[in-house]
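Data block below; observations after.
Lettered A, B, C and D in written order, each chain numbered from 1.
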Amino acid sequence: MIVMTAAELQAFLTREFTQVADDFAVERADQAGVCLRLRVQDKHLRPGGTVSGPTIFALADVAMYLAILARIGPAALAVTTNCSLDFMRKPAAGVDMLAEARVLKLGRSLAVGDVLLFSQGLNEPVARANLTYSIPPAR
Amino acid sequence: MIVMTAAELQAFLTREFTQVADDFAVERADQAGVCLRLRVQDKHLRPGGTVSGPTIFALADVAMYLAILARIGPAALAVTTNCSLDFMRKPAAGVDMLAEARVLKLGRSLAVGDVLLFSQGLNEPVARANLTYSIPPAR
Amino acid sequence: MIVMTAAELQAFLTREFTQVADDFAVERADQAGVCLRLRVQDKHLRPGGTVSGPTIFALADVAMYLAILARIGPAALAVTTNCSLDFMRKPAAGVDMLAEARVLKLGRSLAVGDVLLFSQGLNEPVARANLTYSIPPAR
Amino acid sequence: MIVMTAAELQAFLTREFTQVADDFAVERADQAGVCLRLRVQDKHLRPGGTVSGPTIFALADVAMYLAILARIGPAALAVTTNCSLDFMRKPAAGVDMLAEARVLKLGRSLAVGDVLLFSQGLNEPVARANLTYSIPPAR
């Protein structure tokens, strides 16, 4: 059911998203989904030192994108059509973030999934995202 | 951490929501959340025989409401401020539906959670809901 | 740009959604979208006398569905894939509700729109909905 | 009803969000809401040359934040609790983006609004956002 490993997903990121590939590390890819690490750096922070909203958006979007690719392969396209983010707690300062993405539906033209986002070492999620992707027909 | 059992939640429904209490059965209430059954009847169906959208909305909303009450008790108020529903598959005909609700954040004034909704006997969720509740101060 | 009038949309409702057609009156259909009235009756109320959440969901969903049909015609199919509802104020008691639906995107396979929902006579919306529909290819 | 002008909002951005203040220009602030321009630069683009998702998130979030401040003043706090983004069209290349934010509800503890996001010169929105903010009591 999984057609790309964590290493293959990482290589895909490096090849296709050169600018941001170093920000992300694929920790795990299996039936349950993908776990993606954000290596938090200064550019990800906003005044006050916590991870910024756009960064959390990017982490959720990349994690879910990889979770879909893990199932349908790197030749496929998937375009984000909706992302709903609930910000529930302040991220912890000075630690990485981890995103747990799972695919809930993989249809012919639509994929739906959700992501829980954690500050490393904390049990309660910082944020939760729901994402929908359109999968163009020429797949 | 749970202050109301499944039986207490069921009694609460019967007392406070007389009109719809018979539609719902609290199957489970524990640390992980609440499982609520919808006893599907004709009034819940739309033309074609599948469970209607408003019914799925109601099931998600009641399940999450009970999951919150299980944590904060029956004296509390909780008002739905947002519900986002993803409809992913057609419900199966002629079977009950089951909602698995979990609380992701329980703050002083806001609660956030999600619900997976299944047709009984199927592994893939029919729908997914994310809900936010406002908890008035006089709690 | 509009291929169905308000009267044609009303006739469509009567024909295809017999059970609920009497609940709704198409007030207007034009370039700007569709205005749909909910004739509020006892069955739409919850304890306390305000319009229930599932009823508001149904009003938003039917209004947006008609706004899409007004653009693509009655032969088309459109399946709700997401509905996000923000509940902002308590509906007024004893008055009808009005839904103003507009289409923001009408693509080949996806339509996106939003709906503002009012209690008749009040300027501030009771709720707001965002909806996405999948439009199957055989259109 | 508006307690901050466009110039005052711009000065607030410059003072409080030094890092990104140059990216944004407040075009208008009035009863209807706030119009915010994103001065699109290379750092906002993703491979292919269109404005990135995280940038669109940031534009929507800043625009709505300013629309709320315009109503409640700069001393207030407002924390994003939910943002739902629908991506509807590809942004045009080489032009700025404009965000039209309006406040739909301004309660004691919650504010709700929406934003339409356009590529300059195009009539159809690129994206739409719905945002909810928590307004802490010490206001």
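Following the convention adopted for this analysis, a contact is a pair of C-beta atoms (placed from the backbone, for glycine too) under 8 Å apart; a residue touches a chain by one contact, two chains touch by 3 or more.
Predicted model only: the values in this text are computed from it and were never measured.
Note on connectivity: the fewest chain-to-chain touch steps from chain A to chain C number 1. Common neighbours of chain B and chain C, by the contact definition above: A, D. Interface comparison, A-D versus B-D: the higher count of C-beta contacts falls to A-D. Averaging Cα coordinates per chain places chain C and chain D 28 Å apart. Distance between chain centres (mean CA atoms), chain A to chain D: 24 Å. Our note on geometry: chain B versus chain D, Cα centroid distance of 34 Å, whole angstroms. Counting partner chains per residue, chain D has residues 81-82, 84, 86, 88, 132 touching two or more of them.
If you check the complex, the residues on chain D that touch chain B are 81-82, 84, 109-110, 132, 134. Interface of chain C with chain B (complex): residues 16-19, 46-47, 52-55, 57-58, 61, 79-88. Against chain A, in their complex, chain B makes its touches with residues 84, 86, 88-89, 104-105, 107, 112, 114, 116, 124-125, 128, 130, 132.
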